Amino acid sequence: MFNKILIANRGEIAVRIARTLQPMGICAVAVYSDADRAAVHVGSSDEAYPLEGNSAADTYLRGDKIIDIAKRCGADAIHPGYGFLAENPTFAQACKDAGFVFIGPKPEVMRRTGNKVEAKRTLSAAGVPVVPGWSGGSNEPAARFANEAKRIGFPVLIKAAAGGGGKGMRVVEREAELIPSIEAARREAAAAFGDGQVFLEKYVARPRHVEFQIFGDEHGNVVHLFERECSLQRRHQKIIEEAPSPALTPELRQRMGEAALRVARAVGYTNAGTVEFLVDASSEFYFLEVNTRLQVEHPITEMTLQQDLVRTQVLVADGQRLPFSQEELRPRGHAIECRICAEDADRNFMPATGTIERYVPPMGPNVRVDSGVAEGSQVSVYYDSMLAKLICWGQTREEAIAQTIWALDRLVILGLKTNIAYLRSLLTDAAVLRGEMHTQYVAQRSASTIAGASGDSARVGDDVLMAAAVAMKDGAGRSGVAPRSGEKATRDSGPWRAASAWRNT
Amino acid sequence: MWRVTLRSEPGAEPVEIELERTDAAHAEAFSARRGNEHLEIEVERTGPGSGWLRVRGRIVPFHAVRRGNVVEVWTPGQTHALEVVDRQARRARAGGETTATDRVTAPMPGTITKVNVSVGDTFAAHAPLIIMESMKMEMTLSAPHAGRIKELRCGVGELVPMGQILVKLAPLEETNAAS
Amino acid sequence: MFNKILIANRGEIAVRIARTLQPMGICAVAVYSDADRAAVHVGSSDEAYPLEGNSAADTYLRGDKIIDIAKRCGADAIHPGYGFLAENPTFAQACKDAGFVFIGPKPEVMRRTGNKVEAKRTLSAAGVPVVPGWSGGSNEPAARFANEAKRIGFPVLIKAAAGGGGKGMRVVEREAELIPSIEAARREAAAAFGDGQVFLEKYVARPRHVEFQIFGDEHGNVVHLFERECSLQRRHQKIIEEAPSPALTPELRQRMGEAALRVARAVGYTNAGTVEFLVDASSEFYFLEVNTRLQVEHPITEMTLQQDLVRTQVLVADGQRLPFSQEELRPRGHAIECRICAEDADRNFMPATGTIERYVPPMGPNVRVDSGVAEGSQVSVYYDSMLAKLICWGQTREEAIAQTIWALDRLVILGLKTNIAYLRSLLTDAAVLRGEMHTQYVAQRSASTIAGASGDSARVGDDVLMAAAVAMKDGAGRSGVAPRSGEKATRDSGPWRAASAWRNT
Amino acid sequence: MWRVTLRSEPGAEPVEIELERTDAAHAEAFSARRGNEHLEIEVERTGPGSGWLRVRGRIVPFHAVRRGNVVEVWTPGQTHALEVVDRQARRARAGGETTATDRVTAPMPGTITKVNVSVGDTFAAHAPLIIMESMKMEMTLSAPHAGRIKELRCGVGELVPMGQILVKLAPLEETNAAS
């Protein structure tokens, strides 16, 4: 078994991975950019080394720096988390070549599935249903795209061949928008993945996004760990996920699970992965892509199965057999994840930056918070706007929703705008309560909501005014807030000092 | 007695709240007055800016931080930014803000990835002037009206804070008059 | 369903009950003594009313005050938690008479099982194995006890007929100690339970304490929710509990489960209860007592079954059917609870009091902390010394132990002595790791440990010295700690101000 | 340069630690000296008395609070109370403490539930003098030696803080000599 694993990531996922490694007796090594020197993922690790620099391209995407640190600190293996280098086969190969175990699928599997165009061809041949589309080469002239888009029929979807997480993805409604959109998508894809290749796909109207967690070991065993419903998305990024999907009948679940296993076997999958499907209004499903990494939303699977997916990743990477068979995996209850992001729901979910002045996560049975921030954390422009994930479990979907609302109502984040109130409003939305979501639902709903999407439009009541008054009274008479990391506030310059509006009469 | 004036959102009526101690034995039992309404409240503090109110038996936890004249307040399920109204400041601040159509500013902090125009260029309304990226999201900043570039204050690769002026614009009329 | 439930308790259990009620849409009403005005259980409630006074006898044991508050606030039901009035049939009857649902078994069932002497007779007759013993009346002359003790054979155990939690319980090794011990036990029992009756029992050497959770509804359904092993005890109080018991074979578990159901049926049990058994070295088991309440250690059952016992209590109290059948209850994995107490393990676990200056509970998947305190909490002499419960889950016993040690290592409590290091030392004890515990194990081990039981005897290393130096350096240059509730520290008197030992050279 | 002297437990050798800044760019990078040993450390603060050290790559989280001349320090899995040694105080504090056999004090805060003796009573060694209760635990306070009650400073029902003198004792010899 490994003695030391380098976690090539940041934020909540780096913290979460360390939490699994440490009780296993494995030393968790963090890496950090200059901006992340005081970040929670550093303080949660056993060892930490600087990457120097700030942009992702200079730090968490620099495989060479990371492998160099792994060598110097004597790590046995590297866990890439999600994003950054997680689905980069060149990095996975470089780890292997340098003598480190890469905790994920083999580079050749990542290549086979990472290029979505190629993956669709292979899997269609293996009998997995796929969405109709067209893909040219890397430098296909834009005009060719226009012809193919007309053939497929508008609206079409432009997607990055190497992509994921909605980056480089665009819906094109009319022919006139096609060329500029392809250019923009190529630019985004090149910046995000180092590969500007894009392809076209038939745009399936109001589809659900349902994905299956898969796991394979090096002894030929492959299982699926059931599905996650991820239809609630904004800007093509998931914001609320749940397991099980309210849309799947036991029969459909069975068929999709089998399709997921067919995908896994067709590409010789090892370690953790996810097979994404679109499910249309008539419950037809289409293979979308394979994500060759741990997903952001893996905790909802963990909660319904009481399995630790990171632990399983480590065991499988160590060459061990999967610790469970398909028959032993029995989901129980219902889990919901909310992605807590620094963003302004009233301004098209624009990312917000700043200092987290107050952070109090909710605690309780069936409430899990995977957090990458703490009081005093700086949220910078350099990285993703997700601060934390709130994962709640209930015996039924209704209980899980009630538990999630309870927890959202008790999650305190002050200092910057967050989507907490927006998430809450989604969980009280009639269509969502009925389980009738699709991937465009958030966008359509925002457009039709008059008074701002944030959900914070509730009138300011007496409780709020009294609390503000009481807090200010305290502030005026007291010593100031606790100094926070990086903030060298002196005693007289604290945020509570200048309470000049108060008069002692 | 303590008194504070708060405004719940820009343009809203300011609300004055007075707190008066009611119980010699409890330092933080108050009678709170808002207009003609009185409310008996008790306060327990758990830290600076944090604690809970007891309002007729009801428990209302709160957390608050203050930055400048804004107090950000959390109560269960709600977060609000209230303006602390300083009477003197209120009187002094008579002049309005100009609705700036003469510039394009950064709507969020981020990196400039593309600049489509140079000083002197003319453009149609809604033309894409600048492309920037923040937290991996690309955003196109378009012209609010047809016009001409008066000044260019950013370059590709530059990291800009929120609100920074990126380009200054002249309306087309002005352009015509000047040329 | 209920709209408002009064929680007639304090500390972690009051907080934990509120956390279940709130997502169910039920208003959680707290009550509080003067000392608890700023306690966490008050801040976690939706409504709170004062009991006035400080001692338990003046506050949380005053059924009349509590019923009066329930009337005034319009509650539908009263949840007693554990301890205080939880097993008091007079209070349960008074609730019923005043029109409130008492969330627990019926008063007559509490009476039937609450008197241990009577319960033993009834259940022995019903074919449940019991420990040999003798019980006189309330005012039996002490000399009579001496004769019976000789008949049973020393050592004997003196127990309070109305008791629980080790209060009033004494082991008597020699005849000479018998009379003073009976007097002391009667005094303690009278003070704790308002009933001085005690009885004798054969002292079973090195027994395990294994208990079964039972649940009954008002429709005649009774199930058991498997066992908890509670053999690690100090001063007859459990400190570490686990589920399942490492000592039970599937066959023994089956037989004990059936015996637990026989007990439940014999007394007509409704709502949550626990049937306690002693298991001797040869795996014979004896009925010990029925606890007619939610146990402190109920969360380990919740984690292995993914069931919320408080929720189930509420549903059953509402007259609903049990939401699960015996067949549906399948425990998964292994859970361990550690009771975090303010006490000095080096001084015979003597309770410690003071202010909690720093409190940081560990967070992570499979870690649950049920806490009754926060930073700034005052731990007074008035109530129990338990501050919080740490409950960890793992796929196996080994994983659960590793997870618990990880969490104990990351639980920060400063300001008073706690048993954290002691709990850790138990979880690395060879006998405990082999699962070989009995109820005297902690006492025997303490006696045989030379250099203090606390486990904190580790030499002070460089890390600790550097951390102290760095913290003091900060303190000397900074503004002082955040003011805490109730503590009206001025800016210049903070604990960090008088760092006179530092010299700026 | 900063310097502090700590003692890890009563009677232990005092340890002097010096911190010297090593990096102009990082306010809290130090060379720490303990005797002849040097250690390079970096500090990140997360709050007053809290943060982590980075010692040759290793991360050591810490929390500390100070009360009087005791600094209580948490690092993962360990909590220690260290004495902060003030040189002047060290020199001044020459006189020893008396090992008090002339009294019985409350070993913990609690309520007196029984007083078995009155002033003037004589008793044997290990005789139960006082019974008290704290957090529901009963505790018998016994005589450290045979003797006579000189003074009784508590009564049944009284709540006493830790360390309070409950009875003052005279040894039996003294008793004999006096009577």
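A, B, C and D are the chain letters, set down in written order, and residue numbers restart from 1 in every chain.
Everything that follows uses one rule, which is that contacts are C-beta pairs under 8 Å (C-beta built on N, C-alpha and C of every residue); 3 or more make two chains touch, one makes a residue touch a chain.
The structure presented is a predicted model; accordingly, all values stated were derived computationally and were not measured.
Chemist: What are the chains that chain C and chain D both touch?
Modeler: Shared contacts of chain C and chain D: A.
Chemist: Counting C-beta pairs in contact, does A-B beat A-D or the other way around?
Modeler: A-B
Chemist: With chain centres defined as C-alpha means, what is the inter-centre distance between chain B and chain D in Å?
Modeler: 52
Chemist: Measuring centre to centre with CA averages, how many angstrom lie between chain A and chain B?
Modeler: Between these chains, centre-to-centre, one finds 29 Å.
Chemist: Measure off the straight-line distance from the CA centroid of chain A to the CA centroid of chain D, and report it in whole Å.
Modeler: It comes to 50 Å between the two C-alpha centres.
Chemist: Where the centres are mean C-alpha positions, what is the separation of chain A from chain C, in Å?
Modeler: 40
Chemist: Taking each residue of chain C in turn, which ones touch at least two of the other chains?
Modeler: Within chain C, residues 478-483 contact more than one other chain.
Chemist: Residues of chain B that contact two or more other chains, please.
Modeler: In chain B, residues 45, 47-48, 51 touch at least two other chains, as defined above.
Chemist: Please give the residue numbers of chain D that touch chain C in the complex, ascending.
Modeler: On the chain D side, the touching residues are 1-6, 8-9, 15, 17, 19, 28, 30, 32, 34, 39, 41, 43, 45, 47-51, 53, 55, 60, 62-69, 71-80, 82, 84-87, 107-111, 113-114, 133-138, 159, 162.
Chemist: Help me check something: in the complex, which residues belonging to chain A touch chain B?
Modeler: Chain A residues touching chain B: 167, 184, 187-188, 191-192, 235, 347, 350-353, 357-358, 360, 381-385, 408-410, 412-415, 418, 420-421, 424, 456, 458-460, 462-476, 478-482, 495-496, 498-505.
Chemist: Applying the document's contact rule, which stretches of chain A touch chain D when the two form their complex?
Modeler: It comes out as residues 30, 37-38, 42-43, 45-49, 73, 374-376, 482-486, 488.
Chemist: Touching chain C in the complex: which residues of chain B?
Modeler: So the residues of chain B touching chain C come out as 27, 44-48, 51-52, 54, 57-59, 61.
Chemist: In the complex of these two chains, what residues of chain A are touching chain C?
Modeler: Spelled out, the residues of chain A in touch with chain C are 16, 19-20, 22-25, 299, 302, 306-308, 323, 332-333, 361, 363-366, 368-371, 393, 395, 399, 402-403, 405-406, 478-483, 489-491, 494.
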